Each structure stands twice: as structure tokens, then as C-alpha cells.
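Two complexes are shown next, each including chain A; its partner changes from chain B in the first to chain C in the second.
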Partner chain A sequence: MSWTRKILRVNLTEGTCTPEPLNMEWAKQYLGQRGLATKYLVEETDPNVDALSPENLFIMATGPLTGTMASTGGRYSVITKSPLTGAIACSNSGGFIGNEFKNAGLDMIIFEGKSPSPVYLYIENDKAELKPADDLWGKSAWEADEMIHAKHQDPNIKIAVVGRPAEEGCLYSAVINDLHRAAGRSGVGTVMASKNLKAVAVRGTLGVGGVDQPQEFFEAVNAGKKVLADNAVTGEGLPAYGTQVLMNVINGVGGLPARNMRDVGFEGAENISAEAMNEPRASDGKPNLTTNGACFGCTIACGRISTVDKTHFSVKDKPQYHGASGGLEYEAAWSLGADTGVDDLDALTYVNFICNEDGLDPISFGCTVAAAMELYEEGQISNDETGGIDLRFGSAEALVACVEAVVSGTDFGKTLGMGSKLLCEKYGKPELSMTVKGQEFPAYDPRGIQGIGLAYATSNRGACHLRGYTIASEILGIPVKTEQADSDGKPELVKAFQDATAVVDSAGLCVFTTFAWGMEDIAPQIDAACEGDWSIDKCLEAGERIWNMERQYNNAAGFTADDDTLPKRLLKEAIKSGPTEGQVSKLGEMLPVYYEVRGWTPQGVPTAETLSRLGLS
Partner chain B sequence: MKMHLELYASLMHLLPPGTSRHKREIKVAEGTSVQDIIDEYNIPLEMAHIVLVNGKFVCEDRTQHILEEQDVLSIWPPVAGG
Partner chain C sequence: MQKSLHLDPAKCTGCLQCEMACSYEKLGEFNPSRSVIKVFTFHEEGRFAPYTCTQCDEAWCLRACPVDAITMDLTSGAKIVIDDKCVGCKVCTISCPFGTVNYVQETGKVAKCDLCGGDPECAKACPTDAITWIDANATGYDRMKAFAEKSLPSANTSA
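Coming up: the complex of A and B.
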């Protein structure tokens, strides 16, 4: 099995914690984590519910391989309706807490209702209770983490927690776990705080067993680990350079957006790259990068642990930030850096620390600052409104001031907490919001790289690279190289990536394994661990089922084909210079084909035949 | 003729001495191919994974891609992110 077959249902309104059996019929259709928790959400809530109301569910879910010996098998996800987008939200995180949930005997925790006062959930194996969190409310994620560890006098407790912006309603608040890992996207932390749930602390020592075919699982897992170790990307590139190695690559191929996606190509890219993170700095001879790090069970270890130059303006009077902490990943470095025009590596690292400390999605935060910078330079936002911040593109001081404004809850910080879409609407310039379905873009320009534009437009959680990472094929040549400027074949490519990713996200594995693993490596691990037929075809069918279920949820929530689009800037304003000069997104050519490939109507609705084939209704 | 060579990530140490982080101006003979440069700078074949000339992928036979004055040849080993 590998599922523990047990859910904890927490009614925050009533203050009760009740175990219940996992619905195994659903598990055999939706696997776990992303797919299975979404099934519960779909079955138990109205898609039109206000995301921040007690009627919304907030689910923390593991996959069947979470906590097993499978490489990267430590993932968990948060599934809920997003307050940022109004669409389905599923944010995936690594670290160690997913494994701890599993060791406490839980596949999933479903939170209902809203507590009358701040609480945190404490789980110790079979014991689960809600505890008062009045003293934790108003504290940063890091402070609350430390306080909970101190209360229980147990350093092995794993904690997922929200920071102060979530309490204040910042729409892109993350759930931070293990200090430096985050269920970051779509404002899932905002939902958690709206329920007066400050943290979830868990200690599990029950072990993870129940693997369906132990010998086969052992062999499949070991074979998978060998593939990861032997692969140049997962065995060498990612541990040494992390995801940040992409900064120069994407800039080099004409795919790096800059300054609120007004430009493509950033002159300061190499100053904020992985290579720059490895260089000794003048003040102390040490590089930004201290070491790499791994999440539970991971044999890749792409994580970055960094320091900020102690003499840098952002931290020179703040010794609490002089130690090593979670460093820049590519998406954060892009949004905080290229998209704001800032090429100060220390400033970006400090702002990234603050995003971890207080639970912000750095992608959405950086992109919102970028939109605010454009509004400021156009004269829409005044100096008075910013509280004196000279909010120009390229200003590291402004970027630092903005993150401090958001976490300390100033008036302008709260304005930034609205996210790019509402911010631009507030100032009468909705066209300056670089979002899809209200969620800010990651670090690849849809004009310069065609497939990723279609993936963004059709992503079920709004603009997102991780729902269908066609960059692997279009730029990196994994598994095969496709031409980045071509739109032909991209609908099929996007669908293939979307369905396969849904499987990985539902299994308890990290999507980065797919730089080396194909479904022929993944399916045998799932099949050996779980009862039932998890052949490659069945896995991919489950992935397609999950994708269509998410689509149906969004359609029922009021989304239509009109929402499968990109900002006008990316459809109409051609790239001004560089290797992709003259290009715009060819979304209009790709989208109808994508609908057809998906088995959807021209209006983007799954046909009865498609639903029937996938066992959906 | 003069052109530019850019090496990234684990290939950086193969660059000749210079001040720029990634880029060197180099002199090459007329008719030099992309593969000639890869050979001259001792870049292992399997490590020349992403190969761009002026930001465009070199997808054809690298021995047949002849470099021109002021071309920028950029090379990465196998890398990924996201």
C-alpha cells in the first residue's frame, strides 16, 4: 500500500481532531497528495466558496512515496482554493515535514471551519490536539517555529507555519516548513491564517511501512537512484549550481524577462547567477553560497544555503541575518532581481531570507514590486503613497524597503500585499499586471519560448512553470530538444508535461527527478509501493484525470476559456532586441489545438467522452 | 578574425585568463567551426550540451557551423533548474 490509510480531520470551529479512514477507492484513482487531496476538496466544497471563508477547506497531504526510501520522497502539498486566483491551489514543498506526517501515521490532514482564536495543531503519532497560539500570533514564521520547539522541548518536531503577512491578509503568503522550505504559491498561507491556524507541529516515530511489494520496491528505488546519480544534471549540475544556473542560460537564449516583463534580456543577469554565488566577495573572501542542501530522502541536493555580506547595507546593522540561511533559487532570483531590474546579489539574498522568515512567495512578491515600480515610473503611484520609497527599477534599496514594508504591515506594505493584479487594477492600469488568472509569472518569457506560454495560460493554478515545465525540452533538451520559437507540437508537449507532472506531484516525489527520470523510472516505484495497477499507462491516465478534475473545479468556479490567456504585453508587444527580437507569443495558434488534444470543446470544457474515458462526471 | 567565447558553470575554468566572468575575445582563423573551438579549448564532447551562437542554438552538425567575425559562441554543460 504505502498509504497509511488514515486521515486526520480537524474541525477548527469545534476544536476537534478526528481520525478517519482514507477513501481507498479514490486513492486508486487519484494516487495521493495533489490528486487525492483535490478529490476531497472537489467532493466536500462548493467551488464558488470565498477562499478566505470558514467554508473553504485547507488540506495538507502526502503522497504514497512520501517517507519511503524513494529518492526525493519527502514531499507534501497544501491544497485549497486560492485567495489570489480564485482557482484551485496546490503548493508543493520539500524539507522534512512530509516525512514526519507519514511517520505519525497520516496520509492527509483536512482542516475545516475557523477557530475562534489563534491555535496550532500539535501531533505526536496518534495524539493530535489544538493548542492556543495567542502568543504565536503576530510573530514571524521563524520566531513561531522557535517558540513551538521551546514549548515542547523537542528539537525533532517538524513545523509548518505562517508569518505575519498571512495574518494581515497578504494574498501571496506561503506556508513555511523547516525554516527554509515553502508551500509557496497561490496564497495558501493566507488561507491557513484566515482559519486562525498559525502552525502545524508534528512528531512521528511510527515508521513508514506497508509497501506492497518490498523486494520490487527496493530494486526499483535503487535503480532510480542510480539513474539520478549517473545523470549529469541531477548528479552534478543541480548539486553544484542549483536551479540558479539557469539565470545565464535563459538570458542567453533570449528568454529572460526583465523590469515587469517590459524587456527581455537583463544586463545584470550574470551578477545574480549561480556562478556569481560561487565567487569570493571582497569583504571577507567568502562566497555567497555556503553549501548545498537536500530535503528528506533526496539524492540530488539542489538546495542553496547562503550568507549575505555582513557589510551590505541590508544587514550591516542586523546581526541576526549574518548567519547562513536558505539562499536564492532561480525563480526567486529572477523575480526579486531581473524583474525589478536589481542586480545586487546580497540584496536579493537578504530579501529571500525575509520571504522565508515571514512566509512570502518570492515570485509573487518580486513581480508585484516590479509592477509597482512600473506604476511608480509612470506616475501612477506617488512618493507619498510609497512612504518615501523611491520605487525605481534597479533600486536595491527600494526592493529591501518594500519587503520590510510588507512584513511590518505598513500602509504601502498592505498595498503590495494585494498582489500584482489588484494593485494594477487599483491604479487603473490592469494591463501592467503580468499575471494569468491573477497569479504572477515565473522566470521564462512566453514571447521568447512558445510552449511555456501555453503552459502558463492553461495552468490550473494561474501562471506557473511547475505545472508543465516545457523549458526542459525547449531549452535544456530534456528528454528531447524542441525549437523554442516553434508553436507546432507545443500543445502536445504541454499536455504531456502537465499529465506527467500531476503524477509526480501526487506520488510524493520531487519534479526535479524528471530531469533524469522518465515515467519508465517512476511508474515501477509507484507500482511496487502501492496496491493496484500503476503501470506507465495507468499512471499517465491518473495524471490526465487529475488535470481534468482541476479544470472542472475551475470551470465550476467561474473560469472560462477567456481566462486561458496572457497579458496583452506578451501577445502584442514584440521583443525589442536580442536573439528573440521581434517575437510575440503565438498563444492564439496553440490554444485551440491544445483544447483538441485535451479532448475539450472549443470553449475549453472537457467533453462528455473525455470525462467518461477518465472516470469523471 | 575576432570573436567571443563564453563558458559557463563547470566549464568556466577552461577559459583563458581574463577579467570578465564568462567572456573572452579570441582570435580564430577564417573557416573555424564550432567544433574546432570545442576541441581547442578541451571541452569534453558530453559537456558541450547547450551550444549557442549569438543566442541561437546550434542544432546542426557542429563541424559544419562556420563562425563569423564578432560571433559570440556560448557553451554550457548539462544543466537544469526550475
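Coming up: the complex of A and C.
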């Protein structure tokens, strides 16, 4: 076992914290973290609950490898129903808090109900209590983090916290941990704040033990680390350049969307790339990138630690932003940059800091600004409504003003906080919302790269690259190269990526390992750590089971095959120029095949045979 | 040949593999809070620094201990706490100028790095060579080499 076998159940309405044993029957079916917490959510809630009502559950969960020496074994996830999409939400984060939960003896914390007033949960090993947070309410995530550390006089406490936009109902609020790591997507922070839960602070010193077969475990873990170190992406590319290694690559192959996905190809891509982050700047001779940093237990260390140029307009009079903090990852650089047409690296880095400081998903925020820019340029949004922001594509000043509007809660900031879908509906132009199931796109164009379009359309949490990262195969040739323009074979590829990713997300590992690891590297680590049979086949079967369980939840919540789609722009408007000129998404060809490969009906419902094969009902 | 732990903060990514390896070696569990090598994060500077006992030859802790609970391992040079003798008086924690010997509430004794009997687990676990186990006489050589490189005449100015 590498489960602690213990859950903490927190009833926020009653103000109680009650430990209970982990359901080991479920653990053997759903592994941990994403899979296991979703099982609890499915069993304990009605899929039709209002995501922001006390009836929704909010779960923080680790995996069996969290807190062990398995490389990247420090992850935790937030599982709940999303207020942005109405679908299942599972947002995964690194940093250090996952290990701290595990060292406090907890696999999972389940929050029920809603506190009558703001509280934070404080855990010190076996002791857990809800404490008043009236003084923390209205503070940014960074301020609240500092205040909690000061209250307890313990620098080693790890904290997950929401910022001000979450309190105000911004639908893409993140849960920030360790200052610049985030359970970022699908508005999980909004759910946390809706329960009057400002923060979770934890200190664990109990130790994570009980590895099932220690010798086999260290053999598998050490072999896995060697594979990561020897691989060009995980051993060289990611530590040196981070995920930003992709900016020029994806732009070069005609896969980088720009300006609310109106265009493909961004002329300013080089200015916001990893290479640009390494260039010394004129003012002080320092590059944007200070260093790379690792999350707990990670031997890749892709994290970016950056500074903003002190002379830049965004921070000139704000010395609190002159220090180093979490820098740009590829998705954020794209959404804040290419999608808004802004190629000012310092502006993007500053906005990224603010997204961390106040708990915003930079993908959804950037894409919502991009949609607002298109609405503004089309005359749907007036200058009065923006509060005087000249919201044109390419304006760094507008981007900075927008993030400040969202965190300070101005009227226009609240409008932006609705997300792209509701924003575009409000202005009568729903077709301008670049979303699937209400969630904004990440940084790969489904017209230029076919498989990822199918992955977006069928992702259980709305548009997302992390549910089935076919880019690995379609662009980078991992594990085998497939042609980006082809739709043939993509349904099988998408299913394979989706099932394998569900395993990684449920184990406590980071999906970035899969640039180098296959299931033959991952399964032996799980198998040696955990009791039970975790062969490659059993792992993949668990992954498929998890995928189908999430699908059933969404179907029960009212989603149908009609929701497995892409915006009309991506299905009908051909790419205007560049290496992928003339292409549209061939989703219509791929989707029926995908359903068949999945063992689903043409209406996208798992057949009785599929459910029975996976032990679902 | 005597060897030393060589710590290079510039290479550290803050992953804490060393802390897990250390605690597993001593306790059979992954428990960074009980590791005697510590990685410190300097957030605003974007820096990470591993730190542990440097095994002083004239060790303050060893000299200060009133019950001779700290002894020297003659093969590795490590100063080792003999748990059976330690009375938890904490005088060594006061005497150490570097703070690398500390009291442990869970055991009522002090804990410090003992170099794992001459085969330190932290160095083996470090993925970036920020912690290495090298010739004790040569811990400055990599920095010396870096400066030596700077002193090389550049290729295009050679005669």
C-alpha cells in the first residue's frame, strides 16, 4: 500500500472534521486522486446539482505515489462539479502541498456543505480544525498565504488558497498552492470560495511509508528516473526551456492559433518564446528567466521562475512585483499573448504573476480577453462598458488593465469573470466563444492539428490539452509520429492518450513524464508501491474505467453527443495562410469512429457491454 | 581517500529527492520533515540551496556533548550521534555554528548527517548533481575550473 487509507471529511455547514477509512475496494478499481475522488463524487452527489450550491462536493485528493520518491510524485488534484462547464472538473497541481497532505496521513479531503462564515482548514498531522477566516476574506491568495504563515509562525506549512475573484464568483478561479502552482482549470477555485472556504493549510510530519515491495519499487523508480534523464524532452528541453519550448515549434508547423483563433500563426511568437525568455534585456542585462524549478519529487524541473523588467510600465511603480516568481508556461504565454495578439513578454509575465497572486486560470482569462477584444473590435462592447479600456488586439496596456479589472472587481472585471461563453452570449455573439462545453481552448489549433481537435471535443472537462495530449504524437513523434493533417487513426490515438492520462492523473504523477514514459515505465512503479495487481493492462483498464465513469457523470448532468463539438469557426473557417492553409477540423469524420472505438452508441453513450466489461453500471 | 559532500546551489532545482532519500535511509519512510539535509527556497531570488553538516574536523558538537554521544566515524570522517547515549540536552544544537544538528521531538534526541556510513543517499538521489560525493580535497575544483576557463585567452586573439 502507498495509500494512507485515511480520508478527512469536513462538513462545512456543521463545522466538523471527521476522519474515515478510505474505501479500499474503490481504491483497487480507481487507483487514487482523479479516479478515486471522482468515484466518491459520483457516489455521493447528484450530477444535476448546482456547482456553486452547498450540495456540490469539493475534494482534494492525492495519488498512491504522491509523497514517494517516484519522480514527479508530488501531485494532488481538486475534483468537483465545474461552475464553468457544468461537467466534471478535475484540476491537477504540483508544488509541495500534495506531499504535505500525504505526510499528514491523508489520501483525500472531502468538503461538504457551506460554512456560514469564511473559514480556513488547518491540519497538523492528526489534528484538523476549521478556523475563522474573516480577516483573510477579501485578500489575494499571496496575502492570505503570508497571513496564515504568520498566524501559525510556521514557514513549513503548505497552503492552498483562493484569491479575490473566486470570492466574487469569477467562473475560472483557480486554487493556488505554494504561491505559484495552481489547480487551474474549470473554476475549481470558484467552488471552494462558494463554500466560504478561503484556504487549506497543512503541516505533515508523519512520513509516507508502507511501500508494498520496496526493492521492486526502487528498481522501477530508478529505472524511470533514468528514462526521464536520458530523454531529449524531459532531460534537456523541459529543464532548459520549460513547456515554452513549444512556442516556436507549434507556430512553425501552423498549429498556433492567434487573436481569438481568428488566425493561425502569430507574427509575435518569437518575442514571447522560451528563447526570448533567455535573452538578456536592455535595461538590466538580465534575462526574463531567472532559473528553472521543480515541484516536489520532480527530476524534470520544467517550472519557470522569472522576473519582470523593473522599468516596464506594468510594474514600474510596483516594487512588490520586482522579485522572482512563477514565470510563463506555454499555455499561458499563448492565451495571454498570441490569443490576444500581445507580444510583450514583460506584460505577459506580469499578468501571469497576477493570475497566480489572485487565483485565475490564465488560459481561460486570456481567451476571455481575446473574445472581448473581438467583440470590441466588432463594436459589440463599447468603450463605456470596458471602463475606458481600449480593448484592441495587440494592446499590452489593455491586457494589463483587464487583469487588474478582474482582480479588483470592477463592473467590466466581473463581466470578464463570466468566461468566454457567457460573455459572448451576453453580447449576442455566441459563435465568437472559443470553447468546448464552456471551457476555453488551450494553445493548439484543431484545424492545423487534427487529433487534438477530437481530444478537445470529447474531453470530459471541456476544451483541454491535458486529457489526451495527442500533440506528443502529431508534432513531437512520441511515442510514434502521426501526421498532423490526418484524421485517420486519430480516434484510436485519442482514446489511447485519454486512458493512459487518466492513470497518470490518478497515480500522483505528472503527465509531463509521458513525454518519456510509456505505461511500461509507469505500471511497475504503481505495482511495486501498491497492493493488488497493477500490470500494464490493469492500469489501462482502470484508465478506461475512469474515463467512462466521467462520461457517465456528464451524460447524467445533461450533456449529449451534441456537446462533443467545436466552435463553427474551427469546423468551417479554413486557415487563411501558412503551412496549414486551407484546413478545417475534420471532427465530423473522427467523432463517430471515436464512439465506436470507445464502445459507445452513436449517441455517445457507453453500451451495456462496455460498462459491464469495465465493472461500471 | 576521504570524501566530502559537495553542495552546488546553482544546480539545485528544489525537488527534495535528497530529503526523501535521507529520511527513507534513516526511517524507512519518505518524510522530508525528518531529513537532516535541507533544501531552502529563496522565492523572491529564484534560488534553491541544499544544506547539511559539513563534518568539521574540530567539531563543535562533538566537543560540546557532555555525555560523549557524538563520535567520529574514522573511515568516513562523519560525526555520528549515538542514540543510546544522547540525552536530548541540546547543547550540541547551541554549539553548532551552522545549525546542522537539531533536536527531534519525536525521539527526544538530536539528529544530524552521518554520511550514511560513507555512501550518502542524498548524493545518489540528486538528479542534477547539486549534491555530489567527491574527494574531500577537491570540493573547490569545479569553481576553480570555471574561473580558469575565464582566464583562457580567447581564440581570435591568439598569435
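In this text, the second predicted complex is superposed on the first by the 617 of 617 C-alpha atoms of A that agree within 3 Å, B and C clash if a C-alpha of one lies under 4 Å from a C-alpha of the other, contacts with A are read in each partner's own complex, and residues count from 1 in each chain.
One rule holds for everything that comes next: a residue touches a chain if its C-beta (ideal position, glycine included) is under 8 Å from a C-beta of that chain, and two chains touch if they have at least 3 such contacts.
Small disclaimer: the values here were computed from a predicted structure and weren't measured.
**Student:** With chain A superposed, do chain B and chain C clash or fit?
**Tutor:** After superposition on chain A, chain B vs chain C: fit, no clash.
**Student:** Tell me which partner A:Lys225 touches in the superposition: chain B (first), chain C (second), both or neither.
**Tutor:** Second partner only.
**Student:** Just to be sure I read the superposition right, which of the two partners does A:Thr291 touch: chain B = first, chain C = second, or both, or neither?
**Tutor:** second
**Student:** A:Asn103 contacts which: chain B (first), chain C (second), both, neither?
**Tutor:** second
**Student:** Identify the partner contact of A:Thr299: answer first if only chain B is touched, second if only chain C is, both if each is, neither if none is.
**Tutor:** A:Thr299 sits against chain C, while chain B stays out of touch.
**Student:** Which holds for A:His465: it touches chain B only (first), chain C only (second), both, or neither?
**Tutor:** In the superposition, A:His465 contacts chain B only.
**Student:** Does the superposition put A:Leu206 against chain B (first), chain C (second), both, or neither?
**Tutor:** Only chain C is touched by A:Leu206; chain B is not.
**Student:** Which partner does A:Gly163 reach: the first (chain B), the second (chain C), both, or neither?
**Tutor:** Neither partner.
**Student:** Specify the angle subtended at the CA centre of chain A by the CA centres of chain B and chain C, expressed in degrees to the nearest 10.
**Tutor:** The angle comes out at 80 degrees.
**Student:** Once both structures are overlaid on their shared chain, how near does any Cα of chain B get to a Cα of chain C? Whole angstrom is fine.
**Tutor:** Value for chain B versus chain C, nearest C-alpha atoms: 15 Å.
**Student:** Report the residues of chain B in contact with chain A in the complex, numbered from low to high.
**Tutor:** My answer: residues 6, 8-10, 12, 21-22, 46-47, 49-50, 52, 54-57, 59, 74, 76-82.
**Student:** How about chain A: which of its residues touch chain B in the complex?
**Tutor:** For this pair, the touching residues of chain A are 231-233, 236-238, 240-246, 248-249, 252-254, 270, 274-276, 279, 329-331, 465-466, 469, 471-472, 475-478, 481, 483-484, 511-512, 515, 578-580.
**Student:** State the interface residues of chain A toward chain C in the complex, per the touch definition above.
**Tutor:** It comes out as residues 67-69, 71, 96, 99, 103, 156, 179, 204-210, 225, 229, 239, 290-299, 301, 305-307, 323-325.
**Student:** Which of the residues in chain C end up touching chain A in this complex?
**Tutor:** Residues in contact with chain A: 13-17, 20-21, 23-24, 27-34, 43-48, 106, 125, 127-128.
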